[in-house]
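Structures given as structure tokens follow.
One chain, chain A, appears in both complexes that follow, with chain B as partner in the first and chain C in the second.
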Partner chain A sequence: MMVLITYDVDTTDSAGQKRLRQIAKQCVNYGQRVQKSVFECLLDPEQYVQLRHRLEQIMDPETDSIRFYMLGTNWKKRVDHVGAHSSYDPEGPMII
Partner chain B sequence: MMVLITYDVDTTDSAGQKRLRQIAKQCVNYGQRVQKSVFECLLDPEQYVQLRHRLEQIMDPETDSIRFYMLGTNWKKRVDHVGAHSSYDPEGPMII
Partner chain C sequence: MRKLLNTLYVTLSDAYLARDGENVVVRSGDEERFRVPIHNLEGIITFGYTGASPALMGLCAERGVALSFLTEHGRFLARVTGGVSGNVLLRRKQYRMADDEDASLAIAGHMVTGKIANARTVLQRGLRDHEGRIRGEVVQKAVNSLAGILREIPGAGSLNRLRGMEGDAAKIYFEAIDELILEQKETFYMRGRSRRPPLDCFNALLSFLYTLLAHDVEAALETVGLDPSVGFLHRDRPGRASLALDVMEELRPYLAERMALSLINRRQVDSKSFYQKENGAVYMDAEARKTVLTAWQKRKAEEITHPFLGEKVPIGLIPYVQSLLLARYLRGDLDGYPPFVWR
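Here is the complex of A and B:
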């Protein structure tokens, strides 16, 4: 299933920037970064539990928040994009 | 329908901060800000077209991006949250 992960952290602080880099590093194993703090990840239920656990270990629960949106399997019809950075298809062919 | 709106802008720049404030001002007419650049808005199709048009007028399409995720009507089951700022229910009763 496609899970949208949004991460809220104050990146004016270097520790916050580090946490965001670490969060991104975990998320891109399963999908792609579509905005600075937004990740679209293809996860099965077990992967979701694992990734969520890792992210909870990285985040500062006092100051940061993470939201998970289950977009389901029909997610492509649910997304629209305007502006910089065109949309992408993480399920499409990989171009090397 | 519930539409999740994520906005990517460089807020280290004062013009970017201003655009984010303007985007937030438009979005909170229809829902709530759940993270710094993430908004959950309850919109009918006409409102969606109107809001999207306004946001496109505010954003800088060369540098910013906006993504719209249609979470549908069964959206409450699709959202999970960890960390700071607890979740909320924009369809719930308003407490004054």
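Here is the complex of A and C:
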């Protein structure tokens, strides 16, 4: 299933900047960065639980927030892109 | 059922593959061209003399992602595999049965039956779909001859005799398949199979598709814990994936030859897609390879009902399903190896 992940991390102190970097890194490991703090991740349920757990470990629930949008397997109907930085389809032909 | 994951094809001649965390990164020059999480992939195939970092190779081995290096023409060069894994008891069983002529004959007989049955179906489909546009009597004759060979297989008696029947069937089949080429007959024709190097456009296209299929079948055999190099129909030879070739036999007509025909008949490839070297070898150009790869990937994502399992599976998982069935047969869970027979 496709999961859209967005986050807001409080970066007023250096600990916050560190959390931001770590959260971004985990998201890159699991998916595609489509905007600065927006990721599209094609995951199976196990991977979703794993990633979610890791992010919860890193974040500070007092100041940060993370949102998971479940787009399901029919996600292509639910995503429309306009403008620069188009993304690739992780289920389509990948030829470089 | 396992999920069909994607295959990454790298056709850039100066690309370098590296690892970054859990990502596969494709670099060209100083520029990052592509980045994808490893868990979205089940295979990576690179064309041309590209490089890959040891860290990436390690990651692929650890995650069971098949990484193959091919020349820019699609000839196989090398494959990266991790430590020997899987079930040693299963592999021992496989070796024992491969050493036993009768046991090998039983398996190989099923595989050849599958191959000829599928070849026959390809011809019959052609007859049905293109009635009037082809010389039906020529194709019908081949269909009948193949049926005759099919009946003789159970009494083959020895592996060599079986190999002979397989060769006869292939000859009849390839002669008849020429009739199913409806478009661009001046460029594409089948006057016998040539390989290493392929000497005409149709053979070049077939060779390329076989290489893609071989990569998938080898990876599937490794996944279920079988040794791809110890075959039943094909003899052992250093560097040859005999079992992969065995399992490929029954899949070739359905997956490769049919695709080659439809690429030609729909004019997705044409004479401009090929070039000839001084030694007569014919190769596909980069643009055509991309067309073929795209068609191949799309085909793999389509679903069919597997004739033996009765379950819906993506076409790309057929090599895996067949490997699994073969492993079950070797273990003794099935009474015979059920080849993939397309209906």
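Keep in mind that, in the parts below, the second predicted complex is superposed on the first by the 87 of 96 C-alpha atoms of A that agree within 3 Å, B and C clash if a C-alpha of one lies under 4 Å from a C-alpha of the other, contacts with A are read in each partner's own complex, and residues count from 1 in each chain.
Basically, a contact is a pair of C-beta atoms (placed from the backbone, for glycine too) under 8 Å apart; a residue touches a chain by one contact, two chains touch by 3 or more.
On a predicted model such as this, the values are computed, not experimentally measured, just so you know.
Contacts of A:30 after superposition on the shared chain: chain C is touched, whereas chain B is not.
In the superposed pair of complexes, A:70 makes contact with chain B only, with no contact to chain C. Number of chain A residues touched is higher for B, counting chain B against chain C. When both complexes are overlaid on chain A, the residue A:47 reaches chain C alone and has no touch with chain B.
Within the superposed three-chain model, A:17 lies out of touch with both chain B and chain C [touch as defined at top]. In the superposed model, A:62 lies in contact with chain B only, and not with chain C. No residue of chain A lies at the contact with chain B in one complex and also at the contact with chain C in the other.
Every residue of chain A that touches chain C in the complex is listed here, in rising order: 25, 28-32, 41-42, 44, 47, 88, 90-96. Across the interface of their complex, chain A is touched by residues 3, 6-12, 15, 20-23, 26, 33-37, 39-40, 290, 293-294, 297-298, 301 of chain C. Touching chain A in their complex are the following residues of chain B: 4, 6-8, 12, 34-38, 52, 55-56, 59-72, 77-85.
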